[in-house]
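Written out below as structure tokens is the structure these notes cover.
Letters A, B, C, D and E name the chains as they come in the text, with residue numbers starting at 1 for each one.
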Amino acid sequence: MDYSITKFLWTLLGLFIVLNWGMLMSSTMRRIGARVSGRFGIPWYQPWIDLTKLYSLKSQVSHGAMFFLGPVFRLMGGVGIFLFLPIIYGSDHWSNYSFSGDLILILYFQFFGMLGMALGAGEGGHPHSAIGISRGLSQFTTIEVPMTLAVISLAIQYQTLSISDIVAAQQGGFTTWTLWTNPLATAAGMLSLLGAFGHSPFNLVKAPNEIPIGPPTEYHGVFLGVLRTNGAILHVAEAALFMNLFFGGATNWVELIVKTFLIYFWSVFVGTVFPRFRIEQSVRWFLKVPTIIGIIAIIIFL
Amino acid sequence: MVAPIYIIAVALGLAFLLGLLKSSSTNLGSLLMLAGLAFIAFVSGQWLYEFLINGRATEMIFTAGFKPPFSINLRMGMQEALLTTMINAAGLLSGLYLIDTLKKTGINSMTVLLVFVMSLNVIVMTRDIFNLFVFLEISSIATAGLVLLSSKGNAFQAGMKYLIATGIISGLFLIGIIFSYLYAGSLNIDELNAAHIMDIKGGAIAIFIIYVSVILELKPFPANGWGIDVYTAAKPGFSALISSGTATAGLYVAYKLLPLGGETWLPYFTIIGAITFIGSNLMGTRQQNPNRLLGYSSISQVGLLLMILGLSNQLGDNTLFIAFSILISHYAAKAGLFWLSGIVKSQNLEGWAVLRKQPFMLFLFGTFIFALIGFPPFPSFFGKWQLIMELATQENYLWMTLILTGSFIEAIYLFKWLGFAIKLDVPSNIVMKFEWNKYLPVYLMALTLYVIGFYVSPMVEGGAFINYIPLLFVLALFALDFLPVFVKNTISIAGIIYYMVDLFSQLENDLMRQIFAVIFLGGAVLTLMAGYNKKGTRAGFYPMALMMFAGLTGIIEANSMLEFFFSWEIMTAGSYFLIIRGKRSMPHGYSYMLFSIGGAYALLFGFALAYASGLDTTIAALGHITQLTTLAYTLLAVGFMTKTASLGLHIWLPGAHGEAESDVSPMVSAILLKAGVFGLMLLFLYMGTGTEGGDKLLYVLGWVGALTTLVGNLGAVFQEDAKRLLAYSSIGQLGYILFAVSIMTQLGWLAGFTYTINHFMFKAILFLVIGGIVVKLGTHNMYEMGGMIKKMPFSFIAVLISIIVIGGIPPLSGFAGKWLFYHAIIQKGWYFQGAVIFFAGIIAFLYLFKLIHSVFLGQLKDNHRNMKEISPWILIPSYLLIIGIMIFSAFPQKILQPIGEMLSVYFPESLHWEGTKAYTSLGYWDGTTIMIVVMTAFILLLGWLVLMSKKIKKVEQFNIVYAAERPFRPETTHVSYNIYAGYKKAVGFLVTPVVEIFWDSMSALLFDFAGWLRRIYSGNMQNYALHVVLFIVVFYLIALGGL
Amino acid sequence: MIKKLLIVGLLTGLAFMFYGLLISYNGNETLTGLGSYYAQNGAREVGAANLVSAIVVTYRGLDTLGEVTILFLAAAIIGFVLKLKKDEVVEARPVRETSELLTSASQVIVPVIFLVGVYIFINGHLTPGGGFQGGAVIASGVLLMLLANPTMHISHNIVATIESISGIAFVAIGILGIVLAGGFLDNRLLPLGEFGTLLSAGAIPLIYIFIGLKVGAELSNIIGTISYNQNEKPN
Amino acid sequence: MEYIILISGFLLVLIGLWGILSQKNLIKIILGFTVFNTGINIVMVTVGYVKGKTAPILDVISPEEALTSIVDPVPQALVLTAIVIGLGVTALMLVYALKLYQDKKTLDINNFKDLKW
Amino acid sequence: MFIAIAIILAIVSIAGAIMAIHHKKLSVAIIASGLVSLTASVMFLLLAAPDVALTEASIGSGLTTIIFFYALNKIRNNHD
């Protein structure tokens, strides 16, 4: 348990890298998405411009204390996952504060940001916030089912819940990745990931067209900047978690960047192919296909 | 010493003397009658005193100076003295009670009453069978006459029915007597008993006829329409005497004649008793008329006693104790209830709500009902306990089941009635007038119940150790009930704190009990504090609350199963009254009580099996059950699970907790439910792992726990009522605990303890705060609330912290539970249950969000603009609990490590600590570090945002962008009603109220069956006579048909 | 019809039971049991020639007391039953004129009947008969009086007084039995006297007198109450 | 002889019961009771009968002779009591029947079903 | 001899009983039931029970019958 300043600074550096990579990744994805549909797309540096603009906006509207705290909670959620995740395998510096707890901690810390955001948006008083949150939560409950099954399957497979140990067990080449040793768990996990990233077909929660307003409108300026910051960090952190669980982890930053990019790309790729689900459709879907895959993933280890 | 013969001489002499009086001198007549009744009561009482105190030998009275069998002899022994005292006391009090009626009907009726009571005395005392017949006839005729005290037209019909039925019975009785005389050459009961005429065919038939007559006199189901009608038609004052006096005497006759036929006849007594017990209780469920209901109840109790007599060869020396304790409860309670019925004068059960005008009478009514069902501290509780224990020792499970089933059915209608009295609107057309001669008998009977209960308790093994001190405290609060809330609250809290300190010194080295002591008593103090914001006297609240806490304390203190069960029932009674105090609580309190009683009987059965396995009365007996082990453990688990509201047994909880008063909800939710947890923990500790049946049970319970969680949480999601939402949430949380404890590893139990402690704290906070808000806003519906964060920031913070704990979000203590939980699950290998639980855990977020959003966030309603923060008396205990949560969150190791060490005695160690960091074979967790990391990061990020923020503009409530225009009515913009509609579409099928439908159809089935069955009571007296003959013939063909 | 069949079936069942009693009954050849004791000792112990009376009055005196009580109860109940709803209008037939013959005959015969009744109960310990039979005879005398004069109103007070006093006397003799002899209703509180004479058998004749009076009064009371009510005129 | 009387006693009991159970008229039912009671009395006396013996009324105190000469006095004493009791009950029933008749102006037993269930 | 008498008595009493129960006219039925009592009292004489016979005759067939008649009479009175 290392509470030293050095540790803190290394972690801060890691956070900075992740933030930037996250922003780059998102602009890249949007470009790819635009290319696929025949548009030109945004420049790769667009996120930085946006972020700078948002942080420097002077007008800022608040509906109250919880409204103010919402983004903080949200950012804490993303940062927290990063903090508790050993981001680079075998590196003392980049293992962050993962000594605080194991996989269970990360699974549950996901809720931290979600809850804070929900409450903050709730105080905004906008009716669509409530609708959006209710949909998000509804969908989230079922997204987590295959994820849990996959995690349980991994726990049985590796007899550990420590992420470092799971990554350690996958060292030894391409074929020792969970992807190959436990393909069903990987499948369940990756399907769950689709929902977690909230791209089409599971993006009713954000519903860019039907609900053009709501939290993103209520929150603007610095608040939105904080939310965007979190988005970038969270995407990379989540992808890194999946990388650690299913794709052998990363022993250096390059590996991390490649793997997280591919994982993220998977979700965008699927999103461009499928139309959006209604909420009960996605709930049912998650309780069917990925869940069954997850159950089989456990059964074969019994 | 006045010889017992003077009972007859004086009573008859006075009766004849009364005939000399002019018909106008009713005052003198009534005085003489009362003097006569008092005199015979004195004689029998004096003999009772002699036997009890001086240990006098049984006295034989030889009439005419000849020894039996040549002349009639009477016996006055302990039993006779006791029973005649009971009869005469009831007679005297009934005489007093009926005095106005008697004066109106004239001196003749007084004579009849006096002779009636005298005849019952002789029936008890006589040892001559023909003499018995004569006095039975006297009592029958007198009964038929006294029915007419009621001026109702149907009294003649009832009297006629009674005469016809008893006419047939007594005629046959004569044939039995004469033929037994033929073969035995004697009329003396003792000689007849010794004669063994069973071997001769005619003798056997004679015995049969005698038995069937005696049994028919007891009005066995279904040949008892004539008896029921008398109960219904007679003045309640007299029905009381039939129920308490005639039944007592009749039962004693059966007891006297038991040796006549020997053991081969006993099973028939038992079977007929059982049929009567269950059948009459079934009939009782359909009654609307209080007197008729009481009639059925009386007969059912007689059936139970008949059963006990039939089982006497198995119960051995305990028969008399068991029979007496049940009899005396029936005697006093039934007399009291009938007398009350005469005071209330309502022809339907609903009218009894008038008792609320006189709370003390309501209290007495409750006393009688509880005594009838067999709650402590009344004698029937001890009787039933001993009965079930003995039956289990004899492996007589069928009878145990029947007895408990019958008792349960009895509870169904008695508690419905009690509920009516407590909750229905007070009818304005009924007036209760205070008349001392009617009230005094009721008081005395209630007093009898308490005194005898206290007196008999040491006669049961383990009963001598029952701690009555908390109950005395409860009693003191009854006496102080007139004081204002502030004073009583302070007294209660002081008392509890004092007792807690005292208790802790006894509980050294027993961490588990200490934890529960903190939850029960510490919780009591905190939840009671909220009571300071109430005004007035809050009549009845404190005794009941303290009764519940007394029970809870007793559970912790109990060393023997009896003490445990005693306290368990006390707790149930107290909590029932607390729950039913809520405005709309009547049906919920009722279902709570029924489930509790069902559960208690399951427990009783289990305890009995434990006792029978080694004749060990301590709780440790649970550790070595050898009789029907699996069933015993299952029953015990089910018994405890009714209190933890596990799936299938949970339907009482939402209503009961949701509709209770705002500070009662936390008591019954945060504290009371833990009693079930404590029970389960005790059970599982003694049960251990490794037994085949036990392991299967645990596996099943694991699934039950998981599914309970799912159903509870899903149920909460779709609630619009804030308190019901919390109630469903409790079901879910208790499901976690059940699951965790069922895992039976150190980790699982640690998780169980963590959940227990957490649930105690957060549910107390939530119910206190939400309850306070509900009261303040005057609605339970969350969609009618909104925006309260501005008005009640402290409440908001309390709720926020609570829901973070429920959700298990790090860094608060809820996560400790989750972490331990998943490690335990994976170590145990219960993967699918784990997945279900996890799913349920996320579902929790749905309702948590709904709760906090709908109440505190969103748009403030116009009618709530002037709301203020809820009372500090609610917030103070809440914040004390928040401090507790914070400590537990930051230093989990301080609490969990000792618990873990305690558990390592029972389970292999699967968790070890290094400083603040916990390790299992699967992973690690450091609560303190997480707290530090999260707090640091949070503060830094908050600082970052504050740093980046410019001038923040506060905006008005409706300053939102809403489809290009600003809304003005908050109702249209507060989206809260049915917000999970889509979710419901997808998974709503999971919340189909299957369990409710199941229980509903069960009860419908029961009622329909009872309704169908009661058509035999057609009201036609000839049919009733036919029933009597049918009973005889069927009984004959079964018993002696092959002879 | 089904009901009748059921009743027949049930009675057959009972007959089956009685048949069981019947076939095991062999008729008594000799006196056994209690009966033999009374035969051997009854006369000596109690001093009554009529053993039935000895048993009824002394050995089983308590039963007899109960029996008297039953009549008493019946009379009392009938008394207050018929008193209920007194205001009810009862349409009575016009009372038929009784024949002169019956009226005058009754004036002669009634005292004789009373005498016979008294004779029966005084001699109860010697000859067949006793208090009940004598009482019944006295009651029939009262009945005759009623027949002769239907409008006659039997004085409730006199009857009730006789009834009560004899009842109290009965109980008092019983208590005297405790004080002076072996127990309640022991007849030996008076000397047994010479066997077979009127003044023998201790208190049995005395008790029978009171029983006779009491039963007579009670029965008269019952009859009187019923008939009184019957002849009640509408007003 | 005693058999015949015993049988007729039992038959009277059964006939009486038949009357009680099957007749609709209250008076008839009560008549059934008197027959029923008479039958029982006959049965009781018969049980005390000893073949060829005389009534239990003695001329002299002679235990041996008494033992061989008389029938059992006990059942007779019991029957005496039973007869009187029967009268009391019958009278009472009749009065109740009268009252019921006054109430409903009928003696049909099917009309007195105010109390049921 | 006794047997013959007993048989006759039995037949009479049973016939009387049946009549008491089944005869349409109540007054006849009452008389018939009195007859049953009377035959019973003769039977008691046969059974060496003069006490019982006397009682049955006076109470069973005498008073009971009269009380029945009174009751019947009263009902008739009411009936008009």
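Rule of thumb we're sticking to: a contact is a pair of C-beta atoms (placed from the backbone, for glycine too) under 8 Å apart; a residue touches a chain by one contact, two chains touch by 3 or more.
Since this is a predicted model, take the numbers as computed values, not measurements.
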Partner chains that chain A and chain C have in common: B
Chain pair, most C-beta pairs within the contact cut-off: A-B
Innermost chain by mean C-alpha position: B
Chain whose average C-alpha position is farthest from chain E's own: A
Between chain C and chain D, centroid-to-centroid distance (C-alpha), Å: 15
CA centroid of chain A to CA centroid of chain D, Å: 99
Geometric centre distance via CA averages, chain E-chain A, whole Å: 107
Distance between chain centroids, defined by C-alpha means - chain D, chain E (Å): 11
Chain D, residues touching no fewer than two other chains: 2, 7, 13, 17-18, 21, 47-49, 53, 55-57, 70-71, 74, 76, 78, 80-81, 83-85, 87-89, 91-92, 94-97, 99, 102
Contacts with two or more other chains, residues of chain B listed in rising order: 130, 134, 137, 141, 144-145, 175, 179, 181-182, 187, 1026, 1029
Multi-chain contact residues (two or more partners), chain C: 3, 7, 10-11, 14, 21, 25, 28, 33-35, 38, 41, 50, 52, 59-60, 63, 66-67, 70, 73-74, 77, 81, 84, 128, 130, 132, 219, 222, 226
Chain pairs that touch, as defined at the top of this document: A-B, B-C, B-D, C-D, C-E, D-E
Residue numbers on chain E that touch chain C, as the complex places them: 49-55, 58-59, 62-63, 66-67, 70-71, 73-74, 76-78, 80
Parts of chain C lying in touch with chain B, wherever the complex brings them together: 3, 6-7, 10-11, 13-14, 16-17, 20-21, 23-25, 28, 32-35, 37-38, 41, 45, 58-63, 65-67, 69-70, 72-74, 76-77, 79-81, 83-84, 160-161, 163-165, 167-168, 170-172, 174-175, 177-178, 181-188
Interface residues, chain A side, partner chain B - complex: 1, 3, 55, 57-66, 68-69, 71-72, 75-76, 79-80, 83-84, 97, 99-105, 108-109, 111-112, 114-115, 118-119, 122-128, 130-131, 133-135, 137-138, 140-142, 144-145, 148-149, 152, 155-156, 159-162, 165, 213, 217-218, 221-223, 225-226, 278-281, 283-284, 287, 294-295, 298, 302
Contact set on chain D toward chain C in their complex: 2-3, 6-7, 10, 13-14, 17-18, 21-22, 47-51, 53, 55-61, 63-64, 66-68, 70-74, 76-78, 80-81, 83-85, 87-89, 91-92, 94-96, 99, 102
Chain D residues touching chain B - in the complex, by the definition given at the top: 13, 17, 20-21, 24, 26, 29, 33, 36-37, 40, 43-44, 47-48, 74-75, 78, 81-82, 85, 88-89, 92-93, 96-97, 99-100, 103, 109-110, 112-117
